[in-house]
């Protein structure tokens, strides 16, 4: 996978998102090759969520362009949606439906053929097969997160967006989450928002620091000196952009 | 700043026109008649005797309170126009997503609400003077009341949303739907059979038309001036905010 | 990238089929969840019953000469409008709770599909509550007078009126669920917008209860107005929904 | 005023307070609202000036 579409999974050019005088995103440009893992860092209100919202077609850019999987986020929005997945700190699951019902509902939304089989397969993969008929309401935080990974993978997306996936996870759940992510690491491109610098750097192949809607630092993993990067990050989060 | 000056000039002209209309309404406009009045003895009246009953002589009743018409109706009509303007800017906002249209829509709605409040007050006074009651659930009053509620709801909605952009989108959507609903309420009250008598209609002489037109034009000018003034205030406030933010960096 | 191409073709060729599948999925999900929690129908039903008690208090001093049939339609629609607001709020709160709405918006679904599915769900729940309320109401208040209207008029006007309530209500509830005082905001937005519908519905229902010489023509006139209101408002809500849900 | 028309004039005078009140409310409301807005604009202008001075001081 990922060998015969364009080299860049994500291409962002002069992406700007303004409302009135507030610039949530200010001329952001970057590329992300297919199969890469991008970690986006930045203080609160830096525009991380807005950036992911634009890339996931939930918010339209004010100017500039962004393409994901070679599809424009505005013109190709509907098509693009079936090729991206989101794992958030919110489980994005209905508590009053069972695990199977949740997945089958989203299978319908994505128009997946042979949904039953696919759902079964995924539930086994995230080791929730024994709780498949239980209401999601009764699940622990870790189980929720596993099921939400299954939900995100349902339609075999090319690009996965992770929105602070570690917040609220206990260490054990984190480990399971990590191992699941590493299992699918090969076949997907990842874009992750994180506050957790260590975790973000551990996983990433590319890193980006946003502040006040601008890219202040964009490096690949090999260029990053962990200590220096951490110092940079702290200075940005601490006192804002000089 | 130039716009503000134009607004002030418009305001003065509007004020002049409405004042002129006010005087014309008393000096040249014919006094309309409304119903009859029964008097015990014969009088030398400018108003014709229409009948004799057991209680006395019936004369046509001079309808002095009708003078409220000359400033009540122009205010009401201006309020309708400004509401439609607000919805128009709402549509513009939804298609362009530019904040200025949200501001315009809000200011227009605010102006409209001011005018609606004034229409209500003058209307209630007129109702009391000519029908003897402060309020009557008569179609025009009812629909106007509904329209006022819709406008109040618009501001309730705005005040209950934190996120700036979401507030703008919801407000625009509601402005549009309110502007659609207002005429529907207006027509529906006329078409639904009810126990109330059909609303009377007043005749209209040429001498009454002149002050009415003057007042209408004047009122629209005042409305426009108020809108422009509020807009330039809002713009200034925005610029100030930007400047302050720039200073803090 | 064979799968991508397949997807793309699929989304174009079978988009109508997919929309229908999505519509059914959302509707089925809402119904399953409702059957499981019984949140909306019980809260609306109990609320409707409580309204009946309040009506009894309100009419307790009216005396025997008073014929409740004359205001029955008004009381009935009053109960519907307030109970429906209760239910409408619930119907979107559970979408919002765990961020499910975001997941829904991320899937390749046309926004109007969400609108129609949600509105249909609300219509069904409202219908259930109405079916329960009408007999109870007539049992409690309308036993003295004889029924002179034509019974089939009642379901007709209830259906048409509920369609308007469900359509406009779904749009407004989608807005109010994101506001600070959910229930209050919904009431403030909904009642004035519903005014024309309520007026026409009460007129039609009164004719259905009381009958009369020109009952037929009066009824159809009111029904035509409800139809016009429903058509205009549903089109407007349908057009605005995409903006509202995406914000 | 002719004495014989007194009753009719009385009727007119009974209406007069309402007419006067309506016009008065309208007039007072407009004047009040406009002067309020104008005063706010003037205060804002002062604010703008203060900020401008602050900018100049910083640059200078």
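Note that the chains are named A, B, C and D in the order they appear, and that numbering of residues resets to 1 at the start of each chain.
Here is the rule we go by: contacts are C-beta pairs under 8 Å (C-beta built on N, C-alpha and C of every residue); 3 or more make two chains touch, one makes a residue touch a chain.
Remember, predicted model here, so these are calculated numbers, not experimental data.
Remark: the per-chain Cα centre closest to the mean position of all protein Cα atoms belongs to C. The chain pair with the larger count of C-beta pairs in contact, out of A-C and A-B, is A-C. Here the CA centre of subunit C is 45 Å from the CA centre of subunit D. For this pair, subunit A with subunit C, the centres built from the Cα atoms lie 37 Å apart. Between subunit A and subunit B the centroid-to-centroid distance comes to 53 Å (mean Cα coordinates, whole Å). We define each chain's centre as the mean of its Cα atoms; on that basis subunit A and subunit D are separated by 57 Å. Within subunit A, contacts with two or more other chains are made by no residue at all. With touch defined as above, subunit D holds no residue shared between interfaces to two or more other chains. For subunit B, the set of residues that touch two or more other chains comprises 165. Residues 94, 146, 149-150, 152-153, 156-157, 160-163, 165-166, 169-170, 172-174, 176-178, 180-181, 184-185, 188-189, 191-193 of subunit B touch subunit C in their complex. The part of subunit A that touches subunit C in the complex is made up of residues 1, 4-5, 56-59, 69, 78-79, 81-86, 88, 90-97, 101, 105-106, 108-111, 135, 151, 156, 158.
For subunit B in complex with subunit A, the touching residues are 97, 99-100, 164-165, 168, 238, 241-242.
Interface residues of subunit D facing subunit B in the complex, by the touch rule stated above, are 2, 4-8, 11-12, 14-16, 18-19, 21-23, 25-26, 29-30, 33-34, 37-38, 40-41, 44-45, 47-48, 51-52, 54-55, 58. Against subunit D, the residues of subunit B that register as touching in their complex are 4, 11, 15, 22, 37, 39, 43-47, 59, 61-65, 67-68, 71-72, 75, 114, 117-118, 121-122, 125-126, 128-130, 222, 225-226, 229-230, 232-233, 236-237, 239-240, 243-244, 246-247.
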